[in-house]
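Take a look at the structures listed below.
Okay, so chain A shows up in both of these, paired with chain B first and chain C after.
Presenting the complex of A and B:
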C-alpha cells in the first residue's frame, strides 16, 4: 500500500517542465508563410509559437493554419495575419494532468509553456505527455524489479540459523470493501521473495478464502499471520468467535454453509471455502470451539529459494535487476 | 484470442486501461466466487459475471485472471473500479446477457475453464 501511495504522489508531481520540448523553434508575426513552411519541413514540426521582437509570446501558428492559408491562395501572407492569437498556455510548474485537461477541453494540438514570468520556455504536445508517462512507467517497473531482487535475496543475505519473515494483518468484521487486502499483500510479498507463481497463486487463494471467512463469520474480525522461510509458508488465521459448531460438516460436506443469504448474494458462502483451502494447502489444521474462536493453520511448501547457482533455477533469472 | 477481440465479439467496452493484446483462452461464467477460486485456470481465464462488488476484482487478482466481463450492462461499483486500477485487472462491460455473451465467445473459440468429465 505504501509503495502505491508514493507512486500516486509522484504522478501528481509530474510537471509539464519535465516532459515538454525545450528547444522551441519560434517565428515572429513578420515571418512570411513560405518561410514557415520551410521551417516546418526542415524541423519536422507541425506548429510553432509566435513571439514579437521583445520576445513576448503573441500567438501560435499550426500546420492547419498554414494549409488553410494556402488553400485560400494567401501565398504571400505573414504569420501575424494567420496565427491564432487566442493564447492558451500552460505553466512549466503545472501538473501534467492540468495540461492533459487543457488539450481535451480546447482541442489544440500544442500548448506553449511559459515560466512564472510569462516567458516562453518550451512547447508541449500530447506526444510529449505520452512519452513522459511511458518513461515513468518504465521507471516504476524497474523499481518493482529492484524490490523483487532485494527481497528474493533476503534468505541468502541475512545470516542466521533460521531466517523467517513474519507478516501480520488485521481483518475487520463485515468489511467487504477491503476484503482481500491482506491476501493481496501476502501475494505480493511472496512474489517479491521469488516464490513460484503457481505456488503464490495457491497461497493467495487459500489466504483469500480464509480472509473472507473472517469477514463473513468472525464476531470481531481476526488476524492473519504469514510466516515465510526458505522452505515453506505458514498461514495462521485466528478469531475469537463465534466458533464452528459442526467441524466435520464444515470440512467434509459440500455445500454446507451457515452464511446468511444476503452475503451469499455477493458470491460467497456457498460452503466451498474450507474445501478450497484444503485443496490449495499441503497441510491444513482447523481447531474451533463455540464461544471461544477458530484457528486455521495452512502450510504450503515453497521449495524455491535455492541459491542462483543451482542449475536451471527459474528464480535466479527472475532475481536479476 | 485477445481481450480486444473479446470486446469486439460481445460489442463491449473497456472500463479501464489495459493491454488489449492480453490472451484469453478460457471463459468462466459465475455467480459464485468460490467456484472461480476453485476452478479457474491461471492467466488466460476471463471471468464472466453479474457480480459487481470489489470482491470479483479481488478474486480475479488471486487467480491471476485475464479480466472480468460484466454482462447485462451491470456496472461495477466505484470501489471495484478503483481496485481494478490498483491491481491491473482489465474490466469490460457488455449489453448482452450471460447466455448470449458466453455463446458468442464459445463460438469464437473460447474454451470452458471448468470441464465436465
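Presenting the complex of A and C:
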C-alpha cells in the first residue's frame, strides 16, 4: 500500500474497528503445527493470533512461520516454538492510516486488533483495508447514482403542464474565494438531471463567466437564476449596478475590459467573458443601464430528456400518463 | 499517459489532489488569463499556469482538467490546497518556468488539442 492510498484512507477517516475481521480464529502456544496447518486450510487464513489459556494475546503465527518450520523438518513442533512473540498490535479505535503505516514500517502481513483493555477483538490485514476502502468508494458512487436517478426522473415523475427546476444563487461582490461555487452547483444539477456532458460544459463556462462578472464588477454582487426544464437551461444573471457604459465594445471588441489592474493580475479581465458566454449560448440577451444595473439572459438548449424508448410512455417528457 | 507519470518524469511536487493521480491526460494547455483557459482548455488536459489562487481550482473542476501545474514555485495558499483536495484536482508545483514545463510535456508526447 503506497503513500497515495494512505492519504486516501486518512481522508475517509476509517477506524480499524470498521474494517477488521471480528471472528478471529486463535490458537494457543500448545497447538501442534499440524493442527495449525489444518485450521489454515479449512478457514483459508494465512495467520492467526496466539492466546494463552487466560485468553491473553502472546504472539502471532503466520503461514510463513509454518512453511519455514516444515522446511526445517520441524513437523512435530508447537505454535509456541515458532510464533513471533514480538507483538505489534493496533487498537480498534485507531485510524486506519495508523495501521497502514504500521504495515509499511514493520512489513508484517497481519496485525492483531485489541480494545482499550488490551483484549483481542479482531485481526487486520492489508486486504481488509483495501476491501473497506473499495466498499466506501462504491457507496459514494452509489449515492451519486441515486441522486442522478432521482433527479433525472423529475421531469417524468412530477406531473404538470410544464415542469421546471428553479435554482437561485446569490453571488457576493469581490468574493473571489467562493468564485465558481454557483457555477459548479449549476453544473452538478445539470449532470444529475442527465444533461449531455458537452452541454454541461457549455453551461459551466457560461455560468462561470457570468458569476465572475458579478464578483468583479457588480457593486453589491447579484443573483443567478437557473431554470431547467425538459428542453432548455435559462440562466438569468442580475445585478443593480454599476451597469455597462459601452455595451457594443463589451460584446464585440476583443480584449476590451474595465477590470481594475489588481484583479487583472489574478488572470481576470481578459476582455473575453461575454464573448465566451456568447459562444456557449444558443441565445444571449444583455441589457444594461449605467446606474441601474445589468441583466444577462442565457439560453442553452438541452437535447437530453427524450426518453430512450418512447414506446409505451409517449408523453414521458412532460410527465403525463 | 496518467498524471502520476508526468509527476515522476518532471519531478513535480504534488501539492494537492493525491487521490486523482491516476487520471488520464488527453493533452495540454497553458495560459494565465482565466477566460482563455475557460474558452480553450479541454477536459482531461493538463493546464500549465503561474496562477495559484482559489479560482484556479474552480476552473479546473468546472472544466475537469486532469491536473494543474503551477510553475516558477509560486506559493499555493492553504485555502487553495484545501479546495483542490475537496474537488480532487491535482495541483503540481515546479520551480521551472512554464516554457520549460511545456517543452518537457511535448517531449513526453503530449500535444495541444487545437
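Convention: the second predicted complex is superposed on the first by the 207 of 321 C-alpha atoms of A that agree within 3 Å, B and C clash if a C-alpha of one lies under 4 Å from a C-alpha of the other, contacts with A are read in each partner's own complex, and residues count from 1 in each chain.
Methods note: a contact is a pair of C-beta atoms (placed from the backbone, for glycine too) under 8 Å apart; a residue touches a chain by one contact, two chains touch by 3 or more.
From a predicted model like this one, the values you see are computed outputs, not experimental measurements.
In the three-chain model built by superposing on chain A, chain B clashes with chain C.
By the touch criterion defined above, A:299 reaches neither chain B nor chain C.
Looking at the shared chain after the overlay, A:209 reaches both chain B and chain C.
Looking at the shared chain after the overlay, A:177 reaches both chain B and chain C.
Looking at the shared chain after the overlay, A:276 reaches both chain B and chain C.
Of the two partner chains, chain B and chain C are each touched by A:268. Across the two superposed structures, the residue set of chain A contacted by chain B and also by chain C is 4, 176-177, 179-180, 183-184, 187, 197, 201, 204-205, 208-209, 212, 266-268, 270, 272-273, 276, 279. Contact residues of chain B toward chain A in the complex are 30-35, 37-38, 42, 49, 51, 53-56, 58-59, 61-64, 79, 86-87. Those residues of chain C that touch chain A in the shared complex are 18-19, 21, 32-36, 38-39, 43, 49, 51, 53-55, 57-59, 61-63, 79, 85.
Touching chain B in their complex are the following residues of chain A: 4, 176-177, 179-180, 183-184, 187, 197-198, 201, 204-205, 208-209, 212, 266-270, 272-273, 275-276, 279. On the side of chain A, the complex with chain C involves touching residues 4, 7-8, 11, 176-181, 183-184, 187, 197, 201, 204-205, 208-209, 212, 266-268, 270-273, 276, 279.
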